[in-house]
Amino acid sequence: MSAAAHPPAAILRVSKLRKAFGYHEVLRDISFDIAAGSVVSIIGASGSGKSTLLRCLNYLEEPTAGEIYLNGEPMGFRVKSDGKRVADSAANLGRMRAQIGMVFQQFNLWPHMTAEQNVAEALIQVKGLGKAEASKIAREYLAKVNLLEKADAYPARLSGGQQQRVAIARALAMEPKVLLFDEATSSLDPELTGEVLEVMRQLALEGMTMVVVTHEMGFAREVSNRVIFLHQGVVEEDGPPEQVFGRPTSERCRQFLSSVLG
Amino acid sequence: MSETLRQSLDLSLFWEFRYTLLAGLAQNLYVFACAAVLALALALIVGLARLSANRAVRAVSTVYAELFRNTPEFVLIIWVYYVLPILLSRMLATKFNMSPFLAAVLALGVAYSGFLSETVRAGVQSIPRGHSEAGLSLGMTRFQILRRIIIPQAVRRMLPEALSQFVSLFKATSIVSLIAVPDIMYQVSMINVDQMRPLPLYTGAALLFCLVIIAATQLIQILSDRWRKRGWA
Amino acid sequence: MIDNFNRFVVPNLGLLGEGLWITIWICAVAFAMAVVIGAFACIVRVYVPFLRIVAVIYIEFARATPILVQLLWVNYVWPELFGFPKSVEWAGVIALAIQSSGYLAETFRSGIEGLSRGQVEAGLAVGMPRTTIFRRIIVPQVLLVMAPSIVNQLAVIVKASTLVSVIAIPDLMYDALKIVNQWFEPIEVLTFVAAIYVTTIYTLSASAKFIADRFRVKYGLSTYA
């Protein structure tokens, strides 16, 4: 762990990231840092590689080249004493993933468990907490997303917005250093996106480090403090919302914004 | 063990009796073909009846389907061979003789008509009502809709499952030997009585059925995949 | 006909009851074995790449061979080849188990492959190791979704068990045929025994359907019964 080269404030560092599926290059040479407490929105057209980029951050996708560092620690590989790289153990990867929370577009709640059990499951299995303690913590986080009364409901009984809020509670319960949102509202009916965006806004205000892939330009402009515009696997615009939305330097970014915002 | 293994795989006995065994297999195919036709005919009637607007028709056809789907084939074949002739003789007041072959075809045909009727019903029901409604709004008659829109689609959707049922039917023909239909299993046991060498005979029979069924199943799989790719099923 | 019923069925109820008992325990044991063997074959097929072909061959053989052929093969060939089974009852159990294990292996496999990838990813995202994901996420859902098919397989075993009479296992069917051969009055006995089989099997498949509906409502899982 060479901490010297990495400023401690960067929770996530992406370095020369490349990802190809077969011959199709989805991400080309992407590098950026994510500072603690920042709320970063990643926007771009479909196929720009936004989701792939996000999924590399918790190693659900393995990069073809480049590195990801979580708090200075490399993901997916270890550097041995002789300087050679070796693939990391699954246990280590799991430990690192536990520090990163992810909220999926399809919610991915486990249907055979109640809302509370969904939130408590990782606390029991990964953090090794007892059932009673995990249950208590789970209920706290369900209360935080305003769903305590649904703690014993199965996902089949919950609306899309409620399921996604449970999913957020599930990710939060692990007390991650950073939260990743993969188009968290794209699968929701329009009237339900509000409740989820509200929870996300609240988290941002509380200082949670968030990386949000989204189509919700309102959220990107008003809640995030940094916006990254991705086009065909390359970062074409990266800056505060006023700059990206107000004075974009990239022509494609301008086109994208005008087509999305009308 | 290796001696017995060698013996059981010594298929020269099979080769020696190949004509008898092939004749037996031909019987299986013959029973299969007749039963399949009967099953299909009955299944079409019963399957469509289950979708009838008439409650009595629906009820009767449902009872039929449930009854025969839940009856063991062996029980049915024994019942058809032993009980049915007596009942028919009494009802028709004549001596009714049932050949093993007829009993086998009837029993298997009726048994599998139960399964197939469910396939027919599901196939027809799976066609969205919107298709009929589109036809109606264009001024087509119900019969035209049935003939040009419903049936062609229903047949394609039913095909993979129906073919799979037919494979099961062929497997089931192996039990006809038990009422003395001279199929391949019957021939095998006759040869065994004569030669007293069960190892190669029963192993060979198992392998033979295995090969035929696997070949048929693979063929159906290939066809189903091709049809699905073409957007048929 | 009722008269005949009293003459041929009623006095033999004891015998038929014994036969029914044998049918029940053979089916129960065969079912339990089939679930274990089927689960094992499925896991090997899905998770152990270098043994996959062995599992596939076993599953295809188990499914492609008719139950009668398997019964005769296990009963007459196995004792010479392997030294067991030592009794016809165990030959029946083993043959039934092999036959159903093939279907169950495929049932489990379609359950595993039918699970959306997101379920596993949600587990990975919170840092769960793959073994935990298999144990807590995959297995429970596969069992829930496939429960109707699994229960149906028990119904299939009961249907197939009628053939064990062929290798002289004194099950319900064997006893029925024995009575028929003794008295040459098949109508009442066979119809009575057929009714027993039909009601038993119908109860099993109706339960499977009931389970399918219940689980669909409670968990929102689509089941293929």
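A, B and C are the chain letters, set down in written order, and residue numbers restart from 1 in every chain.
One rule holds in what follows: a contact is a pair of C-beta atoms (placed from the backbone, for glycine too) under 8 Å apart; a residue touches a chain by one contact, two chains touch by 3 or more.
Just so we're clear, the structure is a prediction, and the values are computed from it rather than from any experiment.
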{"item": "Neighbouring chains common to subunit A and subunit C, by label", "value": "none"}
{"item": "Chain pair whose interface holds the most contacting C-beta pairs", "value": "B-C"}
{"item": "Chain at the geometric heart of the assembly (C-alpha centres)", "value": "C"}
{"item": "Relative to subunit B, chain with the most remote C-alpha centre", "value": "A"}
{"item": "Between subunit C and subunit A, distance of the C-alpha-averaged centres to the nearest whole Å", "value": "46"}
{"item": "Subunit B and subunit C: spacing of chain centres that average the CA atoms, whole Å", "value": "20"}
{"item": "Averaged-CA centre spacing for the pair subunit B and subunit A, given as whole angstrom", "value": "55"}
{"item": "Multi-chain contact residues (two or more partners), subunit A", "value": "none"}
{"item": "Touch list for subunit C against partner subunit A, complex", "value": "116, 118-119, 121-130, 132, 136-137, 140-141, 144, 217-221"}
{"item": "In the complex, subunit A residues that touch subunit C", "value": "58, 60, 90-91, 94-102, 104, 106, 108-112, 121-122, 125-126, 154-156, 167, 170-171, 174"}
{"item": "Residues of subunit B touching subunit C in the complex", "value": "1, 4-5, 7-8, 66-67, 69-76, 78-79, 82-83, 86-87, 171-172, 174-175, 177-178, 185, 198-199, 202-203, 205-206, 209-210, 213-214, 217"}
{"item": "List of subunit C residues in touch with subunit B within their complex", "value": "60-61, 63-66, 68-70, 72-73, 76-77, 80-82, 155, 158-163, 166, 173, 177, 180, 186-187, 190-191, 193-194, 197-198, 201-202, 205"}
